[in-house]
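For reference, chains read A, B, C, D and E in written order, and residue numbers begin at 1 within each chain.
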Amino acid sequence: MTGSTTQAPGRTRGSLVRSKRVLPGFGLSLGISLLFISLVLLLPLTGLVAEASGMSWSQFWFVISDPRVVASYKVTLWTALAASLFNGVFGLLLAWCLVRYEFPGKRLIDAMVDLPFALPTAVAGITLATLLSRDGWYGQWLDTLGINLAYTPAGIVIAMAFTSLPFVVRTVQPVLEEMPPEDEEAAITLGASDGRVFRKVIFPTLWPALVTGVALSFTRSLGEFGAVIFIAGNTPYVSEVTSLMIFIRLQEYDYAAASAIAAMVLLVSLSLLFAITLWQGRYLRRLLGR
Amino acid sequence: MKYQSHHRVGDGPWVRRTLVLLTVLLATLFLAIPLILIFSQALGAGWGVMISNITDRYTLHAIGLTLFVALLTVPLNLVFGVALAWLVTRFHFPGRKLLITLIDIPFAVSPVVAGLLYLLLYGRNGWLGSWLGEYDVQLMFSWPGIVMVTVFVTCPFVARELIPLMQQQGSEEEEAAVTLGASGWRLFRKVTLPNIKWALIYGVVLTNARAVGEFGAVSVVSGNIRGQTNTLPLHVELLYQDYNIAGAFAAASLLAAIAVLTLAIKGVAEWRQARLMANDRPDRKLQ
Amino acid sequence: AERQLLNSSYDIARELFAAYNEQFKEYWLEKTGDTVTIDQSHAGSSKQAQAIIQGLKADVVTFNQVTDINILHERGQLIPEDWAERLPNNSSPYYSTMAYLVRKGNPKNIENWDDLVREDVELVMPNPKTSGNGRYTYLAALGYAQETFGDDQEKTDQFLADLLGRVKVFDSGGRGATTTFIERGIGDALLTFESEVLNIADRYPGEYEVVTPKISFLAEFPVTWIDEYVEQNGTEDLAKGYLTHLYSEEAQRLLAGFNYRVHDGVVKAEFSDRFPEVTLLPVSEIAGSWENAMETHFASGGKLDQLQRRR
Amino acid sequence: MSIKIDRLNKYFGDFRALQDISLDIPEGRLTALLGPSGSGKTTLLRIIAGLESATQGRILFGDRDVSQVPVKDRNVGFVFQHYALFRNMTVADNIAFGLESMPARSRPPKAEIRKSVERLLEMIQLPHLAKRYPAQLSGGQKQRVALARALATRPDILLLDEPFGALDARVRKDLRRWLRSLHDEFHFTSVFVTHDQEEALELSDQVVVMSQGQIEQVDAPTRLYARPGSRFVFDFLGHVNVIAGTVDAEGRLRQGEAWVTLPDAPAPGEAQLYLRPHEVHLVSEPTGQACLPFIIEAVNLIGAEVRIELKPKGWACDDIWEVGISHAEFSRWQPERGDQCFVSPDIGHLFKGESTSPETLTWRP
Amino acid sequence: MSIKIDRLNKYFGDFRALQDISLDIPEGRLTALLGPSGSGKTTLLRIIAGLESATQGRILFGDRDVSQVPVKDRNVGFVFQHYALFRNMTVADNIAFGLESMPARSRPPKAEIRKSVERLLEMIQLPHLAKRYPAQLSGGQKQRVALARALATRPDILLLDEPFGALDARVRKDLRRWLRSLHDEFHFTSVFVTHDQEEALELSDQVVVMSQGQIEQVDAPTRLYARPGSRFVFDFLGHVNVIAGTVDAEGRLRQGEAWVTLPDAPAPGEAQLYLRPHEVHLVSEPTGQACLPFIIEAVNLIGAEVRIELKPKGWACDDIWEVGISHAEFSRWQPERGDQCFVSPDIGHLFKGESTSPETLTWRP
């Protein structure tokens, strides 16, 4: 026994023995999870891959590089970026005030943050369009200032920002709550001004969560359709989003093309999320030493 | 002699007032007013109209179907969410990180695309759908299809609520229970479940809200048959298409009411959880 | 006996068929003694066609685009190729054309297609990429341009490009465009079906005016039964009856009441003041055929895409 | 710079965390705030730093009233129990933070800052770790960095809240010694919080014993140990053996079978005698001075002395008694568990009736 | 029930956390696993409990090989450092949990369970807290409850992972004493983990010293203290004074100006002499046995003995020297900081060359 074991440390035997788990339910929970993930998440994705892989590479390229589609990428990317950045700022502000201050209506606002999650996107879209249209509650107001938001890319940004706001607040909030006061206090006793403490001590700690929140908000915005479509104006090359392009391909019975574009979006979203997970892993390892 | 010490960032009265004001303002403009608008539009023509809109035969059916779908979706995702959270927080195994990433897929997939995925797979021409068709089983354009896409769209919520909490709580209590001879089910029911109860409720509540409100994915697979496969969000669209703006907003206000109710339950759940956690650390100073 | 029928239709025809269904049920009961339950499914007609191909077991379709029925044959082999021959008037019991809705007093003085390309005019129309409605408007404008500029392809293109350039909002569907124009107050003219335009004018008396251009497009509303599914459902007679009855005088009057143009002579005469005589060009005159129209104009990279390319 | 605390009160809501604290902290000395958990040590320290505000009372640094001065202008260095290093900065950046936070006009040039940091790294003996992140350091190293960071701006006053609380016993001892030598070299005015009496007594020049938001006693360590001012201080500073009884007319303290003859025959009445473990000795027979019979409960051979635990026989006490004897004595005597023995006092502290301060007694051997 | 551990190895990935551990744990005794952080104590304990599985090797309880037996059938009690009480259950429910988890056929009836719980509550002296929740208890109370919970099912073996690690020094001492008396009463086989040598030596019948996944020494506490088997154990068990030098032909260990005459004149070569603080004495002049000159660095008057810290003069050592003298001696001699003095050894431990085990030397006074 000993002869062979000095040869092969841990690895093979280790993995064998490790399958003996202490807590119960490994098999069951693994079974349920794998079954569910395969059936619900992965199996349908095969449809996408199958459709898209039915095309030749040049067809694929033709579909995804169609100038109008390319324009929609640009519109979508820019508006999603603007929306997620807006959420980065507004979400951070909200999370900050909800964690740091007591003020009347705090619990109400805290509860309302999840509203965009709970409200159907189409309802959100209709509501925002109604608010911002020329004679809507906000629109008439903005109109006197000569500002028009509905049916412009700005409208898209607003719809995207609305539907993805909770992602930022809900990822930043717990980190802010857990942040020990000592770090700040240490910085203040060292003579640092508030601004400096925020920039140098608080923000770097929030940063990973904020980036995750913004990234989730961004990917969600990339795929947003229901809320956007009512307020976008959908002018070609100006305010058409990629989801609409997918929708159009579907209207044309061109599943392959729709799948190809959808696959593009999915690829971008997943690689973004994955890249952030990797980056965050490294950043956090430095911070936490894990 | 009183003075306000100022030892945490942003404690200055001016900074604080400005930030709070800005928050309240933005939250009102961005969150509260849209909500109010929905109700005000619904009530635009008076209570009577709103009530008659809601008690319309098709609206009632849509409400029923929507609740039915949620009723099936939530337990499914509950089981999955708990199983997955248990798996990734209580065991180490290769591929664990991947599993955690995979459950984010529904966040990265546009709901319309999600519906399309199911249609491509289970539709008459899909490889599974054609096979099922031979046995005269049709999933799309009937409630099973609606349930399936709703499950897809809402499956991250429970798991995402539970995983961080269970990770933070660690498995010591469960290990203690095992050394005391507890079997799996007893251990879960007596030790784990009470500890994650409120997070679980929050996850369920979010799942439910999203399940009730899902539009994009459901609209693709529903078949839009009035009185049969029309869910409440689809019904909102339908009424909207009929120029029945008040009716559309009446139905939407129902959804918004569900959302508000959901958030209220969630608020309570969070508060309870926070209290539990605070009890847990009596050494931690109340700020 | 109890019988059941599923009618898959385009999104804005819900009230129309709700009314027709009542009429038909009575008729059918009288004729056969059977009570019929008719389920309605409404959505964009392309989406409806897809659903049917993917297995939505509708017995009949009542669409607003010929191409969406064609696809049922091409993609799904659910109906024969010559479906259009099975009922009178290319299987379209009613039709409409494209018209403009302008604001009260017609302040921009819009009378015809050439008024729409003026610098000071803003338009609202549905997206030709996502809705048949938008496609018809495009073809109507094309028809006008062809009549006006003859063979001068460049001028025709320029005209269409200008027209599209004047559009402020492309909604994804007809009702969306209407909402944008009415509720949001966007644009000087809404380009959509005449039926829709008349409906709105009826609904908001005195606030809007209807302008029907002298030359426009013959927008047919085709219907057919789905052979494969009626066979499975055992509803062939019912489906045929449902569609044939659309051609009856009684039904035609109902349709005209919903502001659709009809073929029935008696009814036509009754409603002659509502539907002015204009030249209606069928697709064959404008683009040869639907296949051709789709291919040259609406497919990816087709004429529409070229015209809409940012200049 | 000396610190003067003048009738300080601190309320948290209704709870009075500090009650009328007045205290002088001498310049250039190490002062320890010692007390059980919840006694208000941290609160007092934070008020001195300006991290918390007093409800009433004044704080003076030298002659200057700093009660209204915000933290960042008080020029204090603060060291936290859990280090509170900036996780996202390297060791060098952590140390430089204070200098770089100075207002532009008084901030030293970059090169000088770098030099200061190098000097401080030398001082804490970690120059090779300048580029590391806090997560990559051991607890002891982290606390050294925290100290260097606090000292970088040359504060007038150094405040430390349980600086060694989170460390292993061995590391703690090293670091304690190192802090002591650092202090001997630079003589900054330091106040540190601890609930470990050994640490307070070993490290500081002056100990402030706190209990329930009040100051119990302020004294130099040796005096504090030799002459505790109250029962509380007695109990808190190491083990103490107690016999409670009645003083009779002959000046004997009696309880059950046990008695002790008290020198200077105090007035009759209730009294408690407090005896430190090394201020008594074990005997095999009662002496003329005392008869305190015990059964040996445990014998502990570890360390410099042999610690013997005793259970009273024929009388009662709340806590077990402890006596330390030398290894030599132990070898001679070989006491074992269950043996009977007697204790004879050398020095004792008598609390009479309800009086709070003791009278010290000495027995002639 | 005795425990036998047979050539145990544990890998975490490629990291070998335990290396060929073989160990006998006698029945009815308290065994301590002592070692620095990361030495594998917890891992070993968890493997014994079955909470972790070994990569290789066997565990026997009595004669029964339990290597493949799941935790819940091993009948062990486990006490966690952070209590791991069920926070949603009352104290009574926590204690009853194990009994109620028994399979239906062997489970005692409800009434009996209630009685057992009452008895255990008496035992841990907390019967009045039966209805409280863990969050409402102090650390010491929590740990008692954890112990009662572990003992409720009458386990054959009790395993404790740093049971007092999270407690205050005073509470810890109380609880330690309480555990000792509990053990004396019930004599369960117990294994507990600690990294506090004082705790290990004071509490246990047998100490297992671990370092880097290996066992360094297994011995009874007094033997371990008197005869450490290696430099590591030496260093780990309290302070030790070291002089490293060369043994010359006359059997003298020399370094710089310092020398010590070694009894039994060992062979010449490199050597280190280890001396415990209480195994040397201070002298004012070099003796014939040794000349170890020092400068007094600090004098610490606190506690039973006076601790004197010494800095070598004319030679060098890594760590400061410590010597304990009695208060009486101190009063006689009055050493002060900066004074010069000499140390003379009584008992010493010599490591020659690279040898890992020492030779004990005794000097005649």
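Operating definition for what follows: a residue touches a chain if its C-beta (ideal position, glycine included) is under 8 Å from a C-beta of that chain, and two chains touch if they have at least 3 such contacts.
Protein names from UniProt, one per chain: A = Sulfate transport system permease protein CysT; B = Sulfate transport system permease protein CysW; D, E = Sulfate transport system ATP-binding protein.
Treat the numbers as computed from the prediction; the structure is a model and nothing was measured.
Participant: Most remote chain relative to subunit D, going by C-alpha centroids?
Facilitator: Farthest by centroid: C.
Participant: Determine which two chains are connected by the greatest number of contacting C-beta pairs.
Facilitator: Of all chain pairs, the one joined by the most C-beta contacts is A-B.
Participant: If you average the Cα atoms of subunit D and of subunit E to get two centres, how far apart are those centres in Å?
Facilitator: Computed from C-alpha means, the inter-chain centre distance equals 25 Å.
Participant: Taking the mean of the CA coordinates per chain, how far is subunit C from subunit E in Å?
Facilitator: Averaging C-alpha atoms per chain gives centres 89 Å apart.
Participant: With chain centres defined as C-alpha means, what is the inter-centre distance between subunit A and subunit E in Å?
Facilitator: The separation of the two C-alpha centroids amounts to 52 Å.
Participant: Taking each chain's centre as the mean position of its Cα atoms, how many Å separate subunit B from subunit D?
Facilitator: 54
Participant: Which positions in subunit D touch two or more other chains at once?
Facilitator: Answer for subunit D, listing residues that touch two or more other chains: 50-51, 71.
Participant: Identify all positions of subunit C at which a residue touches two or more other chains, and write them in rising order.
Facilitator: 47, 50, 183
Participant: Two or more other chains in contact with one residue: find those residues in subunit B.
Facilitator: 7, 126, 175, 178, 183, 240
Participant: Name, in rising order, each residue of subunit A that touches subunit C in their complex.
Facilitator: 63, 66-68, 71, 129-130, 133-136, 139, 150-151, 229-230, 233-238, 244, 247-254, 257
Participant: In their complex, what parts of subunit A are in touch with subunit D?
Facilitator: Touch list, subunit A to subunit D: 180, 182-183, 185-193, 196, 200-201, 204-205, 285-290.
Participant: How about subunit C: which of its residues touch subunit B in the complex?
Facilitator: Those residues of subunit C that touch subunit B are 6, 11-12, 14-15, 39-43, 47-48, 50-51, 53-57, 76, 173, 175, 178-179, 183, 203.
Participant: Please name which positions on subunit D make contact with subunit A in the complex.
Facilitator: Result: residues 49-51, 71-78, 80, 82, 84-89, 97-98, 101-102, 133-136, 146, 149-150, 152-153 of subunit D touch subunit A.
Participant: Provide the residue numbers of subunit B that touch subunit E in the complex, in ascending order.
Facilitator: 172-173, 175-183, 186, 190-191, 194-195, 276, 279-280, 282
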